[in-house]
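What follows is a structure written as structure tokens; I'll ask about it next.
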Amino acid sequence: MGLKRTFHLLGSPPTVYRLAGLLGPWVGIGAVILIAAGTYGGLVLAPPDYLQGDGFRIIYVHVPSAYIGLMAYVLMAVAAAVGFIWHMKIAHAVAVSAAPVGASFTFLALVTGAVWGKPMWGTYWQWADARLVSELVLLFLYLGVMLLRASFDDRDKGDRVSAVLAVVGVVNVPIIHYSVEWWSTLHQGPTIAQLDTPSITMDMLVPLLTMIAGFTLCFAWLILKRVQAEILDRESRARWVEQLVTGASA
Amino acid sequence: MSHVSGATLAVKNVEIARGERRLFAGLDFDLASGQLALVTGPNGAGKTTLMRTLAGLRLPSAGSVSYGDVPVSRIARGLTAPIAFQGHLDGLKKDLTVAENLAFSAALWGGEGEMDALADELGLEDCLARQVRFLSAGQRRRAALGCMRLRPATLWLLDEPLTNLDTRGAGLVAAWLDAHLERGGSAVVATHQPDKLAGRAAIEVDL
Amino acid sequence: MSVFTSMLERDLRLAMRRWSEFATPLIFFVIISSLFPFALSPEVAALRAAGTGVLWIAALLSSLLALDGLFRTDMDDGSMEQLILSPASLGLLVFAKICAHWLVSGLPLILIAPVLALSFYLPPESLPTLMFALLLATPTLSALAAIGAALTVGLRSGGTLIGLLVLPLTAPVLIFGTRATDMAVHGESALGPLYLLGALAAFSLSLAPLASAAAIRVSVE
């Protein structure tokens, strides 16, 4: 009973809009605190690495970004699937919101990965690094979903067709990841080193986990804001939106 | 062609929207077996969209359509096919002959029927071995109706079936409808020329 | 005759009558492969090193091209609606279409590939493995291209988008296919990658009909 009612409430645009508005500030504040703490811990508290010196500190941005990038894709696929199966517009709104945010985090992961790799490889990119290459493919998958949706004039069709692509993509991500990893091991010369997190100690781990938590809250805040905007856009003709807009300006 | 009669097409509070535009709302009617419903209205009123919704190809933006207590969208996806839909497009492969198109349709729908007798009825005896792309518009329409005729369906949904047909062809469609209704089947026909089929219609929907 | 066989027969018959549509991807395969020496170098060593990669990329691209119109003509003449409304399972019908398409475009590609491989100075002993690898890989490529075709069938300029959507998904096939060929070129047993190609084929052939059917139903509305 409780579950069904929750499901119903979650399908109601005004409810979700207000809920997102209520949660937003808390999530945002939490994100700021955690990221600040994590940054301090990572830049100041954690000792320099034996092998990589201070260069490894970029992992405090790179690892959380990569993790969020992947998690966002799964979220997008699940939301899109829910929207497809149960015809829930809110679920599609979440999927639409997750895509550009996830893509941005993935891009950030690629850029920070390149920055991390430069001192070690001498170049900004290394094809033999399986993780970076997998992230690149993930970015392509994101772009595919976003472009496909944008190509449809009919918003509803666009939502549902890109939902199919999102699910096909999420199913393929592990396959692609493992084949790329296998491929990179074939061509590992002794000089090429993977971006390896140094052997982790507690003082390194705690800030990292803090950053991951902080990034997750940051992602959540961005999603909440975007979902609110999506809802307003999709429900622009509804009365509650009118009241919201005129009420605010009254 | 076996028929199972008795199923009712129940249209409840149906609202049709095309994109953002709402075409009409609150459509309500029940079509019992043996009955014909005529759908009329100007261009753009939503006749074709309504027909496609009745066929289960799309969902109405509000309300429900069910045939024999099963939602038509589920019937469309399912492995039974009591509904035959003939839309604006012929649904024929133009690189196949009339005979090949008829045979494929029969194979897909598990229908039977005498191909030659059907071709005679349709006036296509000479065209059986000709590829559809060499046929005139009227001949294609008749071939398409022939494919539909082979299907063991109890509900016929015809969107402007008389297009491109001459008087003989239109008479044939009317005769088929009569026979179909007599056997216990039901039909919904969207048309610009209601007078050709008037008098048979139990329900008239004017959009 | 079963529904699968009827559908297969229909599409094969259509392919025979529109053979130009099916010859194009094959010719594309040959032309693309032939352009690479101009871009790389005509030297034996260079081409032998690049040959495997070139052939597989060319096979990939022509598979995509071949399946572009898989669903479009059916959508345009209204036969797709009838397929959806028929009592047959749409997934099964799509699977039959993919099979028919593979028979007409994938199979000839496999037969021509050895000729092109020799032109890239790949050793003749590697040819059977190359062909077998292509035999296992082309069904996957057809399946993935079919998904792309189904996703874009409702779009006017769909054809150009298919590549972007599908190519990232073909990375595993490319990886294992080229690996199998390379191993054969060096005289090693390529059983490992071949097994993996087979697994990918089984997986994608079961996924593609479902995904394509779902996308087609949305597009036909």
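Here the chain labels run A, B and C in written order, and each chain numbers its own residues starting at 1.
Here, a contact is a pair of C-beta atoms (placed from the backbone, for glycine too) under 8 Å apart; a residue touches a chain by one contact, two chains touch by 3 or more.
Because the structure is a prediction, the values reported are computed rather than measured.
The greatest centre-to-centre gap from chain C, using C-alpha centroids, is found for B.
Of all chains shown, the one whose average CA position lies nearest the global CA mean is C. Chain C has its Cα centroid 32 Å from the Cα centroid of chain A. Taking the mean of the C-alpha atoms as each chain's centre, chain A and chain B sit 48 Å apart. Chain B and chain C, compared by their mean Cα positions, are separated by 37 Å. Across the assembly, chain C contributes residues 221 that each touch 2 or more other chains.
The touching residues of chain B, when paired with chain C in their complex, are 52, 55-58, 76-81, 83-85, 87-96, 100, 104-105, 107-110, 131, 147.
By the touch criterion stated above, chain A contacts chain C in their complex at residues 84, 137, 140-141, 143-144, 147-148, 151-152, 157, 160-161, 164-165, 167-169, 171-172, 175-176, 179-180, 182-183, 186. Across the complex, chain B is touched by residues 1, 3, 6-7, 10, 13-14, 17-18, 76-79, 81-90, 217, 220-221 of chain C.
For chain C in complex with chain A, the residues that touch the partner chain are 147, 150-152, 154-155, 157-158, 161, 164-165, 167-169, 171-172, 175-176, 179, 196, 200, 203, 207, 211, 214-215, 218-219, 221.
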